[in-house]
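Working notes, beginning with the structure itself.
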Amino acid sequence: MSDITTKVFRESLNKIVLVQLKGGRKVRGKLSSFDQHMNLVLEDTEDVSESENVKKLGTLIVRGDNIVLLSPPPNR
Amino acid sequence: MSDITTKVFRESLNKIVLVQLKGGRKVRGKLSSFDQHMNLVLEDTEDVSESENVKKLGTLIVRGDNIVLLSPPPNR
Amino acid sequence: MSDITTKVFRESLNKIVLVQLKGGRKVRGKLSSFDQHMNLVLEDTEDVSESENVKKLGTLIVRGDNIVLLSPPPNR
Amino acid sequence: MSDITTKVFRESLNKIVLVQLKGGRKVRGKLSSFDQHMNLVLEDTEDVSESENVKKLGTLIVRGDNIVLLSPPPNR
Amino acid sequence: MSDITTKVFRESLNKIVLVQLKGGRKVRGKLSSFDQHMNLVLEDTEDVSESENVKKLGTLIVRGDNIVLLSPPPNR
Amino acid sequence: MSDITTKVFRESLNKIVLVQLKGGRKVRGKLSSFDQHMNLVLEDTEDVSESENVKKLGTLIVRGDNIVLLSPPPNR
Amino acid sequence: MSDITTKVFRESLNKIVLVQLKGGRKVRGKLSSFDQHMNLVLEDTEDVSESENVKKLGTLIVRGDNIVLLSPPPNR
């Protein structure tokens, strides 16, 4: 992960991000930490894959190579 | 990503690009930044997979290894 | 795995973690050890993929590249 | 990409190549540039996956790891 | 494979391990050797994917990148 | 690709080889060059996936990571 | 491939091995050479995927990353 991508992640720290995983799953939580492989630690995570059936997941480590898209918070 | 590919990305900065992902999904947005792994930051992104059902996605980080094709703007 | 991700794993040692694998399988066990590839050794592991049919698996080595998500214990 | 493969690509520059992608998709365009990862920039690209339904794609960056086969021009 | 994972493998040498492979296949045999890529040599191996139809496989080399889970012997 | 594998490829140069690709496709052509990633350049290539429907493909670059099996000529 | 795995391969040279590939295909032949990526050269190879329909394949190069399991000869 280069400096410029790192910067966007750093600005998203302690803010809510939406993460879309391979296979279609989506989780949303507060970005607590990340590393250069895009491994993430999310707090207060919810599985929002099905909007009518949101599931609480608590703290979660996401392995970076499963990530397709990540939406940082609107106003970083 | 080599110098020559980097050059095409650099010329596309702040312009609208169309990104086709593995699995058939397509997103379109303003290329805000990129790195050597082809990780992208897109602004004002839309999911244009279904032309009759475009969805607003806002700012988006695209993990490079999910990208199949990228269309730079017509007149760079 | 960077320092910050390592820290979360270290705080989870000897505690119960839930591991979600590629393909949808879920195992839960006491994190006995881990390495920089996210290979894990779990003790007293249960396969909790089907909540109505939990299977005892005992000690288990999980190869890191199969991991999608990992839930550390609630109060590390 | 070794010297010998690079030579075939270099001889194909500014000529029409046919690229077959993982999943069966085929695109054809003028090879404008390439790098050592086989990332390509194609100009005046057409999606020729369905011969009865050719679609204009314009300029296109192809991420190298999606490529299966590439047909260089007949007389390089 | 780090020191700590290596230690669990070393303690399992000459003992029966159960190996679960990508795609759901399971083989069980005596761990005769292993290397840092998790490539294994198993002796007296049985394919135990179907419990009612166990097949003798004899000595087997398992390529490490196909492994999902490995159960070391209960009392190492 | 090690020395010993390279030797078999070198002995096959300018001879007809059969290449079996991931997904079941088979192409046959004269091996014109290869590199250490097993990227191949084939001349006078035919798609022989369906024996009753052989298709002429001409010169072809095969990206090495799509190759499963390669049959060198009978008498190298 | 480490020393210990290499040793098993070396002891299998010029003997019949059974190779199980990703996707379920099985080939059997005399191990003529191998390299550190587990690329193999097999002689007098047969496709034994279907026991009632064995096909002669002659000499074959197997790209190592397609291998799941390999059975060395019973008495090395």
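Labels for the chains are A, B, C, D, E, F and G, by order of writing; each one numbers its residues from 1.
Please note the rule applied: a contact is a pair of C-beta atoms (placed from the backbone, for glycine too) under 8 Å apart; a residue touches a chain by one contact, two chains touch by 3 or more.
From a predicted model like this one, the values you see are computed outputs, not experimental measurements.
Engineer: Applying the touch definition from the top, give me the chains sitting in contact with each of chain C and chain G.
Structural biologist: Correct list: E.
Engineer: Distance-wise, how many Å sit between the C-alpha centres of chain A and chain B, to the nearest whole number?
Structural biologist: Distance between chain centres: 19 Å.
Engineer: Could you put a whole-Å number on the gap between the CA centroids of chain C and chain F?
Structural biologist: Chain centres of chain C and chain F, defined by C-alpha means, are spaced 43 Å apart.
Engineer: If you average the Cα atoms of chain B and of chain F to get two centres, how far apart are those centres in Å?
Structural biologist: 34
Engineer: Could you check chain F for residues that touch two or more other chains and list them?
Structural biologist: Answer for chain F, listing residues that touch two or more other chains: 65.
Engineer: Can you give me the ring order of the chains, beginning with chain C and going next to chain E?
Structural biologist: Cyclic order starting at chain C, direction chain E: C, E, G, F, D, B, A.
Engineer: Mind listing the chain E positions that touch chain C in their complex?
Structural biologist: Residues in contact with chain C: 1-5, 8-9, 22, 38, 64-65, 67-72, 74.
Engineer: Can you name the residues of chain B that touch chain A in the complex?
Structural biologist: 21, 27, 33-37, 39, 41, 57-63, 65-66
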